[in-house]
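Paired with subunit B in one complex and with subunit C in the other, subunit A is shared by the two complexes that follow.
Our next item is the complex of A and B:
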């Protein structure tokens, strides 16, 4: 077998693939299940964007904190939140990560450093400034990473947070997940700079734009930024240009997309396919090994859905629990 | 202790109306701070250990000090020790002048200046014989040459440490002295223009029909601004003796019309009546009875018929680091080659 040309060893390459495959399977399955009408609320699916969450989260441990978006399932899975608890949460069940009270847009798991998906666009940015400040005071080398979309990037609090992170030199990374649309509005229409790097430089932050469908591009750029931030080198911005396979939310007719756009993206810009092909062609992981992961992940998601469906709903008594937190 | 280098970085240059009336660019604060960091790294590479900067409230200081802190946190030693002058910050050109005066007094070996023609003018007023190394942070500057600041920093460092002899390292420059009645003398580094506008207003010059007389220390057809007018008629070098005087008129009535780039992206017809060389030391008196005087492209002084006005060219008025000469010397003498006497000489 040839030598490994990648910056990750075989075990980590398989881990990255397993994470991306888990996110994909989770989202594809939700797409089907949501249409059946059993899932309360909205779901926004991350399918197509897996390389971004995974390429970044491969550098993190539980001390590192992330703040996610309304499209947060991928971030949760990549950060290590339990898939069964996530699925149960989305179904609104008492066994969910937040006991069924949050749903898709509020999955959180502080033990895993996952500070929460967030229904308010851009709201994760100030949260990770807090996480970054805490890490800085504790001196634990932790970093805070916030994700936000091309649309959310125009929220005032995102810009305020970049300013704060810059002046306090916080170990914080701002990740713009630029999938080209905010609901149905294209980024070209709604964002007044042609690169988010220009925004970052207004605050004196270094910014990098990468192809977010290329796991290795994300992994490498994020690795440098995270290392720098851990060492006290300060905040940075990473823009990942990516595609989302589904609509904005489940049920979106996607009339704003070009004809054939989704098919083209699935054919040519699928981060999982691109990753698997490169790693297989380099002879590091075999097709059989990938197929085994696919089977394993398929069974995991199947079981997560089955147990979520079977789990009990919260009772009326649960209404008054978890309202306040004791410190 | 080794030589100290001063840095005067103006946070507010290149923000004027030329961004609206032409297509001048503006450089963000963070970019200015990056330039300072590049200069600092280059100075350190030449063995400069101490740098003193002008304080300002525009944000450069914060960015620079954070940049240094980040580098230090990462265990690097890329930058010299940086301190700031103890002086009040007014947010005007007076800060640059005061900083230059304090640096001169403190005996710095050279001053690196970031800004436009106006910033350089303020520094030259007060820096005496201390050589300056100019870096343009705008798109409409005639005085500072355009080049990568790292190179300017290296040249300033090599010159300041004495590793390049002074006769090679420093060039002498001409200056225009402007006297209006009893008012304090003013100077210009590149050009003095007399225009009919009787107000200072937005300062920049772009309405060519108001242009009447132009005096330049050098006339380079490659520069932008008022000096371009003279440069396109008859080039006069920075190091050449004497300057030039040009009589201007509205294009409709002038004897000749020239297309001149008077601001970035603004190439316009300029009426020319006459021109002649301007020897040093002889006062010239403009014909315009009332209007304003623009120094290095910006209206600064309003005058009327009651005041006597004169413009005089002064030779060898101030010194600059001759970047091409220093780098050439460094190359031919192997000053940046490994091993050599780099640190030994630098720290001697």
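Our next item is the complex of A and C:
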């Protein structure tokens, strides 16, 4: 048995792999199921970006809160939202995480510290400032993490929130998931600075850019920022440069991408492959152990899809419930 | 013990009592401490019109001056509410909704429904509304209909100090997001207000004047205009019943319908612009639910379909006047009735 060169023990390495594999399997399966026409509405897949959500969420517990994006399935899974309830929600079923009233873009589980996927880009940044403020008042050591893409990085409310978090010294981390495309528009076109770290410094925040396909790079950078925030050191920005295997939404022909770009990314920039190879080659987790996780995850997603398909639809009565606590 | 205090003092007192009662209540907004970080912090403004004055000294750390970033701090108040706090955010002028509306419209209002009932967002957004302050088009609007339209929000607009205190206490204790509209021209208006805390339930209109001939429905500043009109009409032996809605969402349909069943005549007075307003909403509802009781077409007295003008001579024409209300009543209450 070789020594473990990683900052996580074997159990946590396997947990991280299981999380990333669950996200990947969930998204690959949705890609297939969506094409069959059974899933209503829009679905935005996180495949290729798993290392970012997982590398960050490995540092969090339920007391910590995150605000997600329209591309939120990965954040949900990594934050511990029930996969069966997520799948049922995406199918619009009464057993869904939001009883079929939210759908893919609004999956939330406040008990798990998941403040919602969000259809309004950048809207999570102010909300997480509130989560950080609440943690500060309670003194519970909680942190807030807001995820947003390179596209939403240009929203005024994100920029306002960076200043507010700095002014109030909030335990908040701004995570830019830079996958190179705002829907179809290139980050090089739409963002005037080369690095989001430059943006952060403009607001007085420390910032770090990491290779978002490298789980360990994300894990270590996020760990440092989260530790600092918990100790009262204030907000920070983490830019994860990553790749999006699928289009903006399912059904996107991705004509804006270079020829062969997706194939190249799957071959050379697959965060899951890179992680598994490193950990296997170091002799910490065996190929058989990874394969066993793959099988379990495969069965979990299979069961989640089957249950979601079989689950009851919301009833007409549900249309008008839950608008208010009391009215 | 009741004593006469202004609406401004009543609001301050409601905040004071609730902050004392519940440590989860925090207050944030631009200049609500006023002078934070400045040499004169201890003699702070307490808000642009002094509504929160004195609270900073009593509850240090629980009133937060904000940068001039409405999206960020209104959103932070909403986020903190979703995480168990009871924030009261002051938007200063409701007109500023334009720079933070997403957080109200798409976040606070929808969390409970969109998340399948699992979220609770007990946030209060206080803001000044209304014309008559010579503050022109961007600091004077009555935007109550915009918020009343949105499911998930509650909308409150008191007409006096007593109601302001009780309704604000209810708003802070309420588990849903509340838009609390304070008419800036009523801040100095005084009423008998008990010293202790009391909550006025939402969705309960007040019949502020009883009458059998015509029902005048209003809220906010124009309640006083309606009362003035009612006094004049009484001299013509027309007895107007005046209903102060107090809360626009939820709205007390029962009190309005019961009154119209008796009087058979309805005039709705609304300081908002006329289209898709509280006036059209109340009129349509009454026509649908009490058509048989109506002896004449409902009348609406509103601001014109224009922005709020600056020049005092124009602004005074903009706000519904007692004259306009009297004229509207006269139109449907024939002289014969007075004879």
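One rule holds for everything that comes next: the second predicted complex is superposed on the first by the 325 of 327 C-alpha atoms of A that agree within 3 Å, B and C clash if a C-alpha of one lies under 4 Å from a C-alpha of the other, contacts with A are read in each partner's own complex, and residues count from 1 in each chain.
Rule of thumb we're sticking to: contacts are C-beta pairs under 8 Å (C-beta built on N, C-alpha and C of every residue); 3 or more make two chains touch, one makes a residue touch a chain.
These numbers come from a predicted model, not from an experiment.
Three-chain overlay on subunit A, with subunit B and subunit C fitting side by side and no clash.
With chain A used for the fit, subunit A forms the apex of an angle whose arms reach the C-alpha centres of subunit B and subunit C; rounded to a multiple of 10, it measures 80°.
Of the two partner chains placed by the overlay, only subunit B lies in contact with A:201; subunit C stays clear of it.
Legend: residue contacts after superposition of the two complexes on their common chain; A:167 is shown touching both subunit B and subunit C.
Of the two partner chains placed by the overlay, only subunit B lies in contact with A:233; subunit C stays clear of it.
Once the two complexes are overlaid on the shared chain, A:116 sits against subunit C while remaining clear of subunit B.
With both complexes superposed, C is the one of subunit B and subunit C in contact with more subunit A residues.
Legend: residue contacts after superposition of the two complexes on their common chain; A:266 is shown touching neither subunit B nor subunit C. Fitting both structures onto chain A leaves subunit B and subunit C with a minimum C-alpha separation of 8 Å. Put simply, subunit A uses residues 167 to touch subunit B in one complex and subunit C in the other. On subunit B, the positions that touch subunit A within their shared complex are 28-31, 33, 62-63, 66-67, 69-71, 73-75.
Within the complex, the subunit A residues that touch subunit B are 166-167, 169, 201-205, 228, 231-234. Subunit A makes touch with subunit C in their complex at residues 65, 67, 96-102, 106, 108-111, 115-116, 118-120, 123, 125-131, 133-135, 137-138, 144, 156-157, 160-161, 163-164, 167-168, 321-327. Of all the residues in subunit C, the ones that touch subunit A in their complex are 24, 26, 64, 66-67, 69, 71-85, 87, 102-103, 106-107, 111-120, 151-152, 154, 174-176, 203, 250.
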